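One structure is given here, and the rest of the page talks about it.
Should a chain be cited, it is by its letter among A, B, C, D, E and F, assigned in written order, with residues numbered from 1 in that chain.
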Amino acid sequence: MRNDGRAADQARPIKITTNYNKHAEGSVLIEVGDTKVICTATVEERVPPFMKGQGKGWVTAEYSMLPRATSVRNQREAAKGKLGGRTMEIQRLIGRALRSVVNLEALGERSITLDCDVIQADGGTRTTSITGAFVAMAIAIDKLSKDRNLSRFPITDFLGSISVGIIQDKALLDLNYEEDSKAKVDMNVVMTGSGKFVEVQGTGEEAPFSRQELDTLLALAETGIAAMVREQEQALGPIADRIKGAAAHAASRS
Amino acid sequence: MRNDGRAADQARPIKITTNYNKHAEGSVLIEVGDTKVICTATVEERVPPFMKGQGKGWVTAEYSMLPRATSVRNQREAAKGKLGGRTMEIQRLIGRALRSVVNLEALGERSITLDCDVIQADGGTRTTSITGAFVAMAIAIDKLSKDRNLSRFPITDFLGSISVGIIQDKALLDLNYEEDSKAKVDMNVVMTGSGKFVEVQGTGEEAPFSRQELDTLLALAETGIAAMVREQEQALGPIADRIKGAAAHAASRS
Amino acid sequence: MRNDGRAADQARPIKITTNYNKHAEGSVLIEVGDTKVICTATVEERVPPFMKGQGKGWVTAEYSMLPRATSVRNQREAAKGKLGGRTMEIQRLIGRALRSVVNLEALGERSITLDCDVIQADGGTRTTSITGAFVAMAIAIDKLSKDRNLSRFPITDFLGSISVGIIQDKALLDLNYEEDSKAKVDMNVVMTGSGKFVEVQGTGEEAPFSRQELDTLLALAETGIAAMVREQEQALGPIADRIKGAAAHAASRS
Amino acid sequence: MRNDGRAADQARPIKITTNYNKHAEGSVLIEVGDTKVICTATVEERVPPFMKGQGKGWVTAEYSMLPRATSVRNQREAAKGKLGGRTMEIQRLIGRALRSVVNLEALGERSITLDCDVIQADGGTRTTSITGAFVAMAIAIDKLSKDRNLSRFPITDFLGSISVGIIQDKALLDLNYEEDSKAKVDMNVVMTGSGKFVEVQGTGEEAPFSRQELDTLLALAETGIAAMVREQEQALGPIADRIKGAAAHAASRS
Amino acid sequence: MRNDGRAADQARPIKITTNYNKHAEGSVLIEVGDTKVICTATVEERVPPFMKGQGKGWVTAEYSMLPRATSVRNQREAAKGKLGGRTMEIQRLIGRALRSVVNLEALGERSITLDCDVIQADGGTRTTSITGAFVAMAIAIDKLSKDRNLSRFPITDFLGSISVGIIQDKALLDLNYEEDSKAKVDMNVVMTGSGKFVEVQGTGEEAPFSRQELDTLLALAETGIAAMVREQEQALGPIADRIKGAAAHAASRS
Amino acid sequence: MRNDGRAADQARPIKITTNYNKHAEGSVLIEVGDTKVICTATVEERVPPFMKGQGKGWVTAEYSMLPRATSVRNQREAAKGKLGGRTMEIQRLIGRALRSVVNLEALGERSITLDCDVIQADGGTRTTSITGAFVAMAIAIDKLSKDRNLSRFPITDFLGSISVGIIQDKALLDLNYEEDSKAKVDMNVVMTGSGKFVEVQGTGEEAPFSRQELDTLLALAETGIAAMVREQEQALGPIADRIKGAAAHAASRS
């Protein structure tokens, strides 16, 4: 049995509070167990220089942890004067993942920035950020598509993410911090609502893993993400229906 | 009447949620109207180099705003690679203010870092940070004084802060963002529970102010801070009594 | 008696040497006791991005100390790669104070940068910088108003600054370095020639102060600044008359 | 057929020149098609602070591209004043991958830094760096193990890496730059000589991919890496035998 | 006799491999003894802001050493976050020297960047960079002058560089690293093909030198550079003839 | 005739005010024509890490210009966040030059930092800095040698510096700013009191120069520096005699 009493294939409880911030175009407070992340979506009527004049939009993300999100205080990156490698890696991952379910042409020449600020960390902060940022983005895009009367809804599918790992030869779903620091193999998976892979990042620094272990982990992640997507649907209410419609339309065309 | 219906001498509602973070030694979520700040206190068994070997402790603060705390997204200072002048000025103010009510000898050679992270801003973020950080610090110091069996309780008084200003020749208490951007004179005041001044920072960039206007503003601030201190007492419960005891003891000695 | 033999309400001797630098549009070497600051005013026919297209000018300041302005050499901020919090706080203060006596519309879309470089420090470097920068700015604006034939003289009043503080329960005017480091309460005041407050920054980190102490300090500062303004008048000669004219005009309209 | 005439499952020619640098403890120039990387291994008798006193060594990597490694000149990160996110991500990956085949206890309290400098780029620079850095590291560790008479050979297996991707629904091995920029799915795989996975990093930003596509890509990578390891064996000569011996020993124990 | 058996006036063997990089407009690998530098020339159809609209081009250089170019690994400047003084001094020198033999009007409003990356260092890296960068630049300019059909060939003369120094009262040509670190006087000289001086940088930090010593050193350098220029001619083949033609033309006009 | 009426071989008037700063161990204000530099010498009882434990001292220099030292305001390097190449080159030159006349063993394990702050610039700021810094250093070392009762006086000779250049085929001594910007050849020379060269930095970016021109320039510099050294002697009074004694002693031993 796991340190918090869960079964190997049992994810932690999820809670998504929408419209958590009064200023942002879309926002959520997402809690996965004791991991808590505020995700806000900002819509701006401009794109970065390298995207100018292409008639397409852009989606990007920034990630940060409050100094005391962790059990030992970590120094602010603003005070250090630079972003660490881990932060950059995570925010590149979040941005890439979100773009995979956005039709950038349908979005038009505007950009959406997802800020994921971890206010309390207990493992899985990057996967929780992706799952939460998707909801904040969906709210912002829904509002935008109404305000600007967009001809096509720019989101093409749901997007969820979860971590899996191997501890003492046992594959586990949704590692908390204590588990994460013990795992020999660690994998973050991002999938769409229709069950396709967007990101698979597995690492066996402590112990290389076999093809069979990889298969088991992927199967676990698949179930976990499906459940996450159901939580997103519930949190989004009528917006979820618009996404499903757009996803069905996209599927019929491919 | 003011834009949110308050009387000139009426402060916004305050809400202090203690122990908001599971990792920090002390923490609160403080809400003053729509301004929301997470304050955490971190205790570390070391002091900065310039304080070493003096048998005294240190209290310092860091301040930051989430990018979307404001109506327009502001760029992260970590991304810019440096802290802005406003941030530095505010965190120096918070640290100085808190140290005024801590007996650094009684604290011993350890340091307390107060992190004030504004998750939503609507005016008065620096004064709200001071008021909230005091509570987070008190919780952490109370815990410390028990764990380490400190011979003297290191807090010497309560500490609250509020802003005041002049709009169209009218002195107002506790400005919200809209008021703050219209005010010709703007003053932040920090006072102790026993009614002494710790910081008075008045600025009349738009319109120099007379001695009489200054007097009116100080009187308004005095009432507002007294009410804030009552909220702190309530939030702190039995810890408030320890502070009162220490304050009475300090007063009798001076 | 004070360490340099002055009475409690006695300021140090002031000396203002105008046109100290052959390149700048306005410049002074100001000496207040052993504190010596070179202030230069640079006029540029452009404004910062946030001020563009408003038909108004801008006044800003930068402050620095030579490494050996102090008794122990301090490392250059250029070598550290960033400005410290104290520097930023001071240069924001100087800029804000100067803007309070400039009619930015009358200045037109141009900017004035005041560089205050402390070549020797003995307390009161920020207040001395403000007093000196005002004179350098007045010279530059006088020249500008003639060269460009400005319809209105953009300076609306004189501006002086001085520090006050409490040492051993005694209020003192114009602290030198040794006094400054012993003071329990320390206050910097900026006032106009017509006796209004522009900045009041009092801090009692070492010992909170009462309302009565605050009143005593403000009264002391008032006398000190009035004397400083008289020195500015003398240094400015005929330019002083233009300022007085503009101040009288401004007063009659308010 | 591919743009350079290769079959879908055909890797580019590999050339490994050992001892390319006279100063480094181990070095190679590795060429995979037109991608050329100089890898040097530096052995130092100290470990980073976070590893001190654990009786274990550390392996880390740095990655950089010469400005004109690419068809358009890219600005130096030294001139920009900071490392980009892509660079940090790659050097973290290289370090992590190499550590997976080093017995850090057997290495002792010393560190090995692998510098991977891309002098010409044509796709696959990170996988080529890993494959080359392994050889440079093996040479340096072989020398170290003899000089210091290490009781156990610290390398536990070979390590190779290659990229795979999907272009127009076709899975391809070892993408060159032109292919890489067209691929909808892109995956970098790192494996040991005994066929276990160390890193699997697949991304489908342009088009999410199915489980079946993932399986095809992994199978392709497996063949490609096996061939790379054979090249490493040849380049290393007698050192390869020491690695095989250590790998056999490690396998027998697990 | 010298540590590598050379006579006092004997330079090390030179080898220039042209077109070493497939992407750059001009490139060489230059080897002077064990010092090896990759020089690439990048032509861009724009000039830096301070040169805009003058109808003239610009030539600039950047210099760097791979971390393990030296016997002890040196930290990357990209990791430190800034260029060191030595690097800046060297790249300013290289740029200045190259510009002395380019007719910037004939070049037109475009810029050429010479990247000099030292992959192995054994003394004389800056002089070797200049000698190599000249050849890379000549190849790029030759290509440019054909592609753009320039009316005048923009190179006005050859350019070579070598170091000289004094060890134990003996003047030596082309110091290697061991000699360089022992020399009391050290001088870098840059000359044109027609024997004029472009840069003379002599330094006697360890021991001031007499006028007579200076004369001996300059004479040595003159012979060394003449030999270097002959190597450049050979490496450049037909391009050398174009340079000679342009130099003869320039000489006849001055 | 030159723009300020001087003869070709005539230097500008020099004025050296010693003990210009009350805090520094040695200080001067040096004026060469309209170029004015404050030089301070700071003695510290420690050496940089790379010099530790060698029983020797260190001399280093920092150089800066006030923003309005020049006719157009230049941005502070502290505001830019980094030192420019020109600044680094100059401060390396000043430090190297000064060390050439200091016996570092006789100095003992302490360091002297020379801060050269240009308060007004009109050409020759680096040579003026060297000449002035020598005097500040001599005062500080004289004081040190008495306070610490050093067995040997650590200064071995005088040190002066001047610029020379060629304008319209005419060699000129001590260029002012206007001349400097027109010169085709520009050379900075540093020499000892006994007439030996310490630094020769000649550059002909605009026009390569012949051996004969070089000879003429060196001869001019020689006369100019000799006159500078006489000014130093006068400014130093009795300290000059100590330097002469030490120089004679050093000469007799070499």
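Heads up, the rule we're going with is that contacts are C-beta pairs under 8 Å (C-beta built on N, C-alpha and C of every residue); 3 or more make two chains touch, one makes a residue touch a chain.
Nothing here was measured: the structure is a model prediction, and the numbers come from that model.
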{"item": "Matching chain pair for A-B (criterion: over half of the contact pairs shared, by residue number), options A-D, C-F or E-F", "value": "C-F"}
{"item": "Relative to chain D, chain with the most remote C-alpha centre", "value": "C"}
{"item": "Rounded Å distance between chain B and chain F, as computed from the means of their C-alpha atoms", "value": "52"}
{"item": "Distance from chain E to chain B - Cα centre to Cα centre, in angstrom", "value": "61"}
{"item": "Sequence positions of chain C contacting 2 or more other chains", "value": "81-83"}
{"item": "Touch-based graph of the chains, sorted into line, ring, star, complete or other", "value": "ring"}
{"item": "Sequence of chains encountered when the ring is traversed from chain A in the direction of chain B", "value": "A, B, C, F, E, D"}
{"item": "Chain C to chain B touching residues, read off their complex", "value": "82-86, 88-89, 91-92, 96-97, 99-100, 157, 187, 191-192, 196-211, 214, 218"}
{"item": "Sites on chain B touched by chain A in the complex", "value": "21-24, 27, 34, 38, 40, 42, 44, 62, 64, 66-71, 73, 76-83, 87, 113, 115, 117, 119-120"}
